[in-house]
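Lettered A, B, C and D in written order, each chain numbered from 1.
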Amino acid sequence: MNSFGLVVNLNKKGVRKLVRQITGWLTGRGCTVLIEEDIAAQLELPGFGVPKNRLYELAECMIVFGGDGTLLGTARKVAGTGTPIIGLNMGHMGFLTEIDLPEALPALEKLLDGEYDIEERMMLQANVYRQDKLVEQLVGLNDAVIAKGAFARLIQLEAHVNNEYINTYPTDGLIIASPTGSTAYSLSAGGPLVTPNLELMLLTPICPHALWARPLIIAPESIVKIIILSSQEEVMLTMDGQHGFNLYQYDQVLVSRSPQKARLVRLRGRGFFEVLRKKFHQEGDRNGA
Amino acid sequence: MNSFGLVVNLNKKGVRKLVRQITGWLTGRGCTVLIEEDIAAQLELPGFGVPKNRLYELAECMIVFGGDGTLLGTARKVAGTGTPIIGLNMGHMGFLTEIDLPEALPALEKLLDGEYDIEERMMLQANVYRQDKLVEQLVGLNDAVIAKGAFARLIQLEAHVNNEYINTYPTDGLIIASPTGSTAYSLSAGGPLVTPNLELMLLTPICPHALWARPLIIAPESIVKIIILSSQEEVMLTMDGQHGFNLYQYDQVLVSRSPQKARLVRLRGRGFFEVLRKKFHQEGDRNGA
Amino acid sequence: MNSFGLVVNLNKKGVRKLVRQITGWLTGRGCTVLIEEDIAAQLELPGFGVPKNRLYELAECMIVFGGDGTLLGTARKVAGTGTPIIGLNMGHMGFLTEIDLPEALPALEKLLDGEYDIEERMMLQANVYRQDKLVEQLVGLNDAVIAKGAFARLIQLEAHVNNEYINTYPTDGLIIASPTGSTAYSLSAGGPLVTPNLELMLLTPICPHALWARPLIIAPESIVKIIILSSQEEVMLTMDGQHGFNLYQYDQVLVSRSPQKARLVRLRGRGFFEVLRKKFHQEGDRNGA
Amino acid sequence: MNSFGLVVNLNKKGVRKLVRQITGWLTGRGCTVLIEEDIAAQLELPGFGVPKNRLYELAECMIVFGGDGTLLGTARKVAGTGTPIIGLNMGHMGFLTEIDLPEALPALEKLLDGEYDIEERMMLQANVYRQDKLVEQLVGLNDAVIAKGAFARLIQLEAHVNNEYINTYPTDGLIIASPTGSTAYSLSAGGPLVTPNLELMLLTPICPHALWARPLIIAPESIVKIIILSSQEEVMLTMDGQHGFNLYQYDQVLVSRSPQKARLVRLRGRGFFEVLRKKFHQEGDRNGA
């Protein structure tokens, strides 16, 4: 790899200095550095700016300065080109970001030396049909979420898998998650953890008002169809918690595996379980038993 | 009891005929029947119409034709006067409605004969402070819900009990429920069942993104204070799933036991557990074990 | 198919009459009927008795008269020969039994006419090592459960997947379930539903005393290793809720996909979701919201 | 307070040295120190030994050197005399122990100076009836647990509250917990947290095989009756995870509030929520949302 696209979350503390340092380090090693024009200007690195629409095709690898959220956004944008992504974590330990700050330079050294693997992750696509017409098409790495607005009333969502009727959920919403997304919103709603190398889809209802409505695992090649039965409510489809689209009564949302994969650079195989232990750990003994 | 206020959910099938029948039956026994003017007109019973603001003070007892939702709305409206309420269930079996349709007349017979008890239920009040000014005051029987909008992002809610800091919840929302409300939204969010004769408050987070954030039971005389820390989102306070109020960053919502009680007429003590069994029952054996 | 092995749960009401009726019906169509000697004697059908050890190899198809439990036991016994199994349900609707009683004869008619499919289901095997020596080997269709005894104390179970350390669970036990087993014990312990055509393993802790200990989905080719760290307690490995084996401190239980499959006869594709709806259904509306 | 009974968990590291130090410190301030004879001998403090049966009546206050488990055992033993208890935590932070090791002497200084409160905690009693004869009577602070043995089969438990039938649970067991016990086994089984100053009873089923079987809060003056319906299994009643009693088919276990209270010494009001935050805390952000 020789040409790196830098994606920068400017809200992270200390990110400007770090990006300038790493830009210098990379160019000093003969690498090309590319940054979206606007961002490059704000970083006072105008010489590295390229038009937004060219960034993802020119770069051989994206380096993300931010958290899991910034990486998710990048994954959606490069899904079409298959450019590998590596995240440099600027906040809490992430599930997706590979490099922690103190080890940034040794980690990039490895990257330049070719000491890495590419891990492919299943992505999801969601197509919205309104009166049989495709009106929106979204791609994401974590989850497609269909949910009601802030006013607390149930919505009715009719769910099918491969045209087999599952059930009609009286619920606040439904999450269709990839294995990568199992540690995100789906976990909060009671879904299981899934090792990210697997391919499957996870249907997790959000506060369902029906005791049968448990999280459900289905095959990755499934086509999930959700029909919005409720009329009275604000309902929205959200991809990866970042990209929203308003839904109306009788809209059909079809969620399936995307033909595109997210390609994440892995340097040294900090395993999934190690990250889980670090993020979730605590003592937590029963009081006395 | 001699004077009955009728509250009618006109959307329920067969309700018009039933209300006319029962109006006749009650007047035939010398009772006074009172109906809100607009509704009386729609029922073609204009002679029984009274102005909305007089209905709740003139009636000695409210008879609700509808489901639990209609009864909840009535409970909020009569909270100030303490008028007892009895529900005539027009749909699924309810937790709050006392009379099922086939037994309507024998049930009312008992009511006229004084063969009933009044069951007092704890209610909640929620006061919203904005820059130290009280901007909204709501009363409810089930729950006060603070929740984010349809676009799937977390909000941060800082929670205190009696000025003792509990924690800051990264969450979709928080439910503060009464025992009556334990079978409603709180149950969907993972909260426990509470026998309705108890007095306590139930704090149930909605899809919290923190494993420590479990449902919490606190004393009925507690004052719960929730501070909205998030700025970017639509956030709303909803009382009993019916009455909403928009919240903004740094708004403080104080939820406490209302001095008012809902007073529900009980005819024959169909117990709480019997209703639970009927509403939730099913076989559900493990496959083979 | 021409030769049928009958497995009979004699505790089921009406089973003797039914087995005699169906035996007559099958022989009348020129089929061979085989029953384990002891059972045949109790059914007063001694002419159809064969030695236990020959039953599973002689029959081309097993017909199970009982519930899911009887079918699970049969699946373990025929796992080595791959003989297909069909269940004739004598109790509650089962997840595994295919035929309901009223339709027994038309269903068998289809079977004789070849109008069926064979559905392969992933099975599990559990090997127990004590001081590096294999001391027990079990096969099952639903789940391998490692659990403490009745006296209420935690045990410590150290878990690995493919020699990667997961965590040490302070828990009442761990369930390693197949997709078929997702509707059994694992569901009671909070695990997700899995469509039974999938291949994966489900690790569900039983009342873990650690908030991070959530159900976990791993790849079907994984080898799960559980090490019993606790010394003081009665601990047991149970396969499909039927076959138990006592475990001691430092015993290692290795659970993996069995090379054997359960082969279930499917006549008309009553789908998984239809069974779920029937077994778990109920109304369950929120009280008013 | 002038006379202190010392309860010592000899398995805790460093406990011998600490007890000797504190014994010296207390006698130096003119206090009487009392230790159970056997333990006193093992601590090489024979001069402070008293017979076991006199310890609890002679001491004005029990000082527990150990963890929550040791304190629970002491609470059961002094329940009859109402002697206050203070715990000196020798391991992980406890829910019940008040003093952490580094602050042991300043804390005891406060105790001698009368700068403390006594917090009363509701206790539970469980009476076992066999063929209408009382065969066992147990008292506890956390919970009474009725549970099956290690072999993984369901038991059927019929539950009543004040002679009103609740339901029959197909389950691994039932926990009847006090508010204090809400952070113990009940939490692992999915029960809510309860602030410990409340009085109520919590019925939490253990891996119930029925979707309706949710945790249930009932009034503190309730009498819970559990009837063991299953015959085939090892079933046990366990109090506070420490004291067990074997149960048989048709045994009736009656659990109610004990007339006795546990009286815990509180020095400076480290609040319940502060302990919760410390024991359960972690970051735990969603991956990107």
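Just so we're on the same page, a residue touches a chain if its C-beta (ideal position, glycine included) is under 8 Å from a C-beta of that chain, and two chains touch if they have at least 3 such contacts.
Because the structure is predicted, anything quoted here is derived from the model rather than measured.
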{"item": "Recurring contact interface, reference C-D, options A-B, A-C or A-D [over half identical by residue number]", "value": "A-B"}
{"item": "Approximate Å spacing (C-alpha centroids) for the pair subunit B, subunit C", "value": "45"}
{"item": "Euclidean distance of C-alpha centroids - subunit A vs subunit B, Å", "value": "39"}
{"item": "Distance from the mean Cα position of subunit D to that of subunit B, given in whole angstrom", "value": "37"}
{"item": "Multi-chain contact sites of subunit B, meaning residues that touch two or more partners", "value": "152-153, 185, 187-188, 190, 209, 211-212, 241, 280-282, 284-286, 289"}
{"item": "Graph class of chain-chain contacts, one of line, ring, star, complete, other", "value": "complete"}
{"item": "Residue ranges of subunit D in contact with subunit B within the complex", "value": "152-154, 161, 164-167, 170, 179, 182, 187, 190-195, 197-198, 200, 202, 209-212, 214-219, 271, 273, 276-277, 280-282, 284-286, 289"}
{"item": "Touch list for subunit B against partner subunit C, complex", "value": "67-72, 92-96, 142, 180-181, 183-185, 187-188, 211-212, 240-242, 279-289"}
{"item": "Of all residues in subunit D, those that touch subunit C in their complex", "value": "145, 147-153, 171-172, 185, 187-190, 206-209, 211, 234-236, 238, 241, 244, 280"}
